[in-house]
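Each of the next two complexes has chain A plus one other chain: chain B in the first, chain C in the second.
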Partner chain A sequence: MLSNLDALMHGFSVALTAHHLLLMVAGVLLGILVGVLPGLGAPNGVTLLLPLTFSMDPVSAIILLTSLYWGALFGGSTTSILFNIPGEPSSVATTFDGYPMARQGRASEALTYAFVSAGIGALVGIVVITLLSSAVASFALRFGPPEYFAVYLLAFASFIAFGGGAPLKTIVSLALGFGFGMMGMDTVSGSMRLTFDIPELIRGISFLVVVIGLFGLGELLLTIEEGPEFKGASGRLDPRGMLRALASMPRYWVAVLRGSAVGVWMGITPGGPTAASFMSYGLARRTSRNGVRFGQGEPEGVIAPETADHAAGTSAMLPMLSLGIPGSATSAVMLGGLMIWGLNPGPMLFIEQRDFVWGMIASMYLGNVIGVILALATVPLFAAMLSVSFSIIGPVIVTVCLVGAYTVAGAPFDLWLAVAFGVAGYLMKKLDYPLAPLVLAMVIGDKAEDAFRQSMLMSSGSLGVLWSNPLVGTLSTIAALFLLWPLASALLGWRRTSKAMRLAPPEPGA
Partner chain B sequence: MLRRLHLELGFAACVFLVGLVGLRGTADLDTGWTSDGPQAGFFPLRVSLILMAASALVALNAWRARVALSRVVVVEGEGGARVLRFGLPILGMVLVAQWLGLYVAMALYLLGAIRFAGGRRWTVALGVAIGVTAVTFVVFERWFSVPLLKGPLEVMLGLG
Partner chain C sequence: MRMFPKAAAVIGTALSVALPAAAQPAWQPTRPVEFVVTSGAGGGTDLFARTVQAAITRHNLVPTSIVVTNKGAGSGAEGFVYGRGAQGDPHKVIFGTNNEWLLPLVARVAWKPLDLTPVTAMAFDEFMLWVKEDAPHRTGADLVAAARERPGALRMGGSQTRDTDQTLTLLIQKATGTRFTYIPFRGGGEVGVQLAGGHIDANTNNPSESVGGWRGGQVRPVCVFRREPLPVGPRVTETQSWSDVPTCASQGIAVEEFRMPRTVFLPPTVPPAAQAYWTDVMRRVSETPEWKDYIQRTAQSAALLAPAEMREMMEREERSARELYGPEGWLVN
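Our next item is the complex of A and B:
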């Protein structure tokens, strides 16, 4: 523990330079912009910025990208509260009580509750990372291919068990991701797979293009369908309302604690921020004394999802850093970035790249504090920006997405792919197919397959290696149990918890 | 108007088709499991089969709930028209980009989308189209030296 504190101090010395602070401010501001604009969210914001970081050093690059992530999480809440339009999927639950509060003229209060509780949730997540990450990493150093495969399997299985969607649709999403991820050269045998003799498919399909399509263009189509103009509460902030909210914040410590716990759990197991915020909202509504007032502008209904959202967003970095397994769609994109910058995600990072790891963790503390301040300070600015008609902003966002899709590999073919995945994303959202598993499966699917095939090489093709020692045996058994979970719970008719999480999607305009 | 039942069935059919194409793609791969474990085609084959099975089950579930699902409207006429008006120009932009480059396609798309789909004045549309394209050019070509797709026009102007 004490050595972690030392390492963290070292991290602060890396992160606390004028250059990095500037990057944090720039990242947070860009993030808020991306979060506020519908159609641009954290996953594709990071994706769009990624090609521009190739020439940066990894520490600066990750600080910029993670700061953008925090900013996007904050910005998503602004539009949820003021306009009833979630700028991010993970802030959908914030609209339930945030928008009613804004309609009652308590927008300043709602925003303060949202940002402060989000900041606290984020801090809890980062403290967990600070305390646990190096322990997890040193534990993971003993991992061989079978252990790695078991952990990957556990990640996929927990999506099916706790992801919040219908298990069958999660399976479809995962399988689509695996399938797209397999296209191109097979890393073990060197043969071409699923390329159908189309030259453009030889390098495979980039998950970055898929993210831009699914989360960017798809989300835009959904926004445009619900109506093109933003109608909302005024973005003017009232300092007295903010102070009132700050003063009564301590009263909601139970909600904050509960939300943080849910968020950290959902972030580490790859449930992601969206599932976390819904789960936290559902839990709060059922267990809180104020439960009946939820949906009518109850502060606790803002605090619960916001805390969980950010706690999940930050703690999703823990498995990404220490195991090389992303806990959310956005951290999946960052994981891809790590590999492009020439870093090898996983436990060796903690030994070989101490500056990178602890600089990033330290920047998370700073970035979120900056985030809370900037998010509050820029509410009027971004609210005013949304009053620019969507008939102008919409097409501009489209061009940003397509330019981003092209920069991934400089391939005109990718533009078609982005559009195709945009249509797919629109339809999948309509039908409640979860999108995050698809991205996750694309990013780590081939790593999981490599780990599996290496394990099979070790054991001459026997599955017994997955139960060959207590560690890997435990992991494999838990993964198997998670896989059977939907079946078991369906048999027991015990679906109440997942029902609360499937509360989404909200009625448009409700 | 599009009802949930039809969309569920249609999308499940698409997923099934993707599985089928995947299955076809594994035909010339070794899908077996030898003493050194699964071969290159092993997982693609299984994933294709899982896709086909899962989509069939989704379709079956939807069919079993057809009475309820056919009452749910997922896309209304008006909203759907908005989606098409917004989406088809995007296709146009991608098509034009293939031979005229991204910059020209982008400017034309912005102009068309803001003027006709958005119903804004010509001056607004022209301003945004030229402004955004110019900013993109400076940011990508000059600041970050990430070249974007160019067509004959840029070559003619000596920018390519």
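Our next item is the complex of A and C:
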């Protein structure tokens, strides 16, 4: 551990040059921009910048690209909160409470909560990487298909099990999500599923397009119906909101801690930032004292997913460098970059490329601090956007949404999909179908299915493989408990009430 | 000056028309060029295309700018369908492997192998048989013996289904009379990590997919599917280089040669002059230090197939694939 601190100091000496600091600022600013635009997103941003890095030395190149990633993570939360349009898949969970807060005129508060907690989550992630790099890398190796499936099931169970809406509607929403998620070529059987011989569907349906439609356009339709005005979203520039949020931040230390733990865990295993944010939100809703107020503009509902999202984003860099496992789409692109710069990800990277690895880790500290500062500086600017009249901002949102949907794959077909999902989102909201289960099922359903079928191939069809060693056994058991929790608590609740009824004196007239 | 006759030869085979040697090319790009990559970002084909892009940019081989787009869904089907749709547009260059002609055999996709215009195959990626560092099998022969003892008990990992890795597994099984349980994953990197973690017993990764794990003492190659060992090069681990890996045939696995071409295509019905132009650009790329470095680092074998040779290879491979896949029930077309 001490040698790691030495190495980190060496890393700072590599990263702390004017040139590198400039790259971090540039990267973060660009990142915030691509993060704010839905559909563009971090993976596309990194891909666009990649050719620029061919002529750089690897340390500068990775600093630029990772800074852009941090910036995009911050920027992605902005539009989730202001317009209910997640700029990044991992900021979907931020919309659940962030957007209601914005509608109550607490936009700058919500943004401040989001950025500060994201910054803290990121720092926790980096500290873990710094101190435990060797142990963590070998831990990640223990994850085979059954372990992956158990992790996904756990993420899934912790978000879904407490269920907000009507159970049947939740199941319909889930089933739709699984259905959309499985379109395209199946990894395990190699056959095309649900593509109806339409070439555009080979790709499957992009999760981002669905989100842009369901959340962005769907919300816009609702707004139009309710009167062409942002209800209650007072556009006043409110520096006091920011200060208030900063001052009350310490009160939420439990949420921050829980979110960081979930995030680091999901980043390392690696379940990815999106699953982490959902899982953290679900856990917070169940365990927090403020749980009942979730979904109506509760700050903790912003803090929980944001902390986990960033903690996962940063800690996922470790399996990427040491094992070559990309934890997210963005780190997959960066992996490609590593190879082009002439580096081979693997355990030897930490020994042979100390400048690169530790320079990058040091830059993660600096980049995220710069990220928080720059993101906070943009709060007044973005909050002011809410005061623009709807007749101007409405069309702008539609344009941004459609441009975003097009950018995902450069396919005109996706524009129609986005519009269709916009209408679907509007209808689902009107009919009280929850959207979150659909989104979650789309994101991890596909991966969970692969992992499950791979496990079944390995065990020739025996479910026992999910309890075949202590690690996977523990994960599966916790997941199963979470799934049964609502059932158990309903039973317990029923017994308690019936007991209370027996003990209570009969009501007069009963 | 030295390269000049070679250039003329390549253009000659490409066009079978004599071009005036020093004149302006008959066709050259007039707007930005799109490199369509038939794999996801970070995949082998992505690295191939981006290396070509980097070489072109650094040596100014193409007058306009180049954009790389990843269309890797459905094992690359997305990119090939896109390329086929861009009929007659020589500003789109499609990068792939042998999936261009093998995928239409096993999946229902909207193109036929000979639809696209072949440009060249620039390299052949090798396949090796890998085991975990501390596996009891020291050699390829050991592994086969273990598989023979307990049919189906050993797990062979690979990327995708009915793709090159599973094809090779099939060939190994036929050649040795053994049976492995094949488990498909999303990509070579993932397969490598699964082997390092001991969740599978062997895989058939390309050298570049597992070089990090070999150097880090997690996995080791037991043999290479090649007629002779790889040429002598610098050391990869402290004691060994790629040339120290014996051929699989010498280990009693009678699969003489199995390799995957890195291919370049243009959309259908592009002017022959454009085909010649890109053939020449790729030839010049293959002479850059960036390309040579890429070939060495990824332990591939350099090649430069003329379009006619490539077409011949496509037809030959398709025939043998049909023979192999037919009895397995893999063929859909």
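One rule holds in what follows: the second predicted complex is superposed on the first by the 274 of 510 C-alpha atoms of A that agree within 3 Å, B and C clash if a C-alpha of one lies under 4 Å from a C-alpha of the other, contacts with A are read in each partner's own complex, and residues count from 1 in each chain.
Following the convention adopted for this analysis, a contact is a pair of C-beta atoms (placed from the backbone, for glycine too) under 8 Å apart; a residue touches a chain by one contact, two chains touch by 3 or more.
Owing to the predicted nature of the structure, the values given are computational and were not obtained by experimental measurement.
When the two structures are aligned on the shared chain, A:Leu21 is found in touch with neither chain B nor chain C.
By the document's definition of touching, of the two partners only chain C reaches A:Met348; chain B does not.
In the superposed pair of complexes, A:Gly410 makes contact with chain B and with chain C alike.
Once the two complexes are overlaid on the shared chain, A:Val188 sits against chain B and chain C alike.
In the superposition on chain A, A:Gly204 makes contact with chain C only, while chain B stays out of contact range. Legend: residue contacts after superposition of the two complexes on their common chain; A:Val333 is shown touching chain C, with no touch to chain B.
In the superposition on chain A, A:Leu457 makes contact with both chain B and chain C.
Applying the stated contact rule after C-alpha superposition, one finds that A:Leu50 touches chain C and leaves chain B untouched. Applying the stated contact rule after C-alpha superposition, one finds that A:Val419 touches chain B and leaves chain C untouched.
Overlap of the chain B and chain C interfaces on chain A: residues 51, 55, 186, 188-189, 191, 410, 457, 460. Interface of chain A with chain C (complex): residues 43, 47, 50-51, 54-55, 141-145, 184-192, 197, 199, 202-204, 323-326, 329, 332-336, 339-340, 342, 344-349, 409-410, 450, 454, 457-458, 460.
Chain A makes touch with chain B in their complex at residues 51-52, 55, 168-169, 171-172, 175-176, 178-179, 182, 186, 188-189, 191, 193-196, 217, 220-221, 224-228, 389, 391-392, 394-396, 398-399, 402-403, 406-407, 410, 412, 415-416, 419, 422-423, 426-428, 430-431, 433, 449, 452-453, 455-457, 459-461.
Considering their complex, residues 40-43, 46-47, 50-51, 53-54, 57-58, 68-71, 73-75, 77-78, 81, 85, 106-110, 155, 160-163, 181-186, 189-190, 192-194, 196-197, 199-200, 208, 211-213, 215-218, 293, 297 of chain C touch chain A. Against chain A, in their complex, chain B makes its touches with residues 4, 7-8, 11, 15, 18, 21-22, 25-26, 29, 33-41, 43-44, 47-48, 50-51, 54-55, 57-58, 61, 74-75, 79-80, 82-83, 86-87, 89-91, 93-94, 97-98, 102, 106, 109-110, 113-114, 117-120, 124, 128, 132, 136, 140, 144, 146-149.
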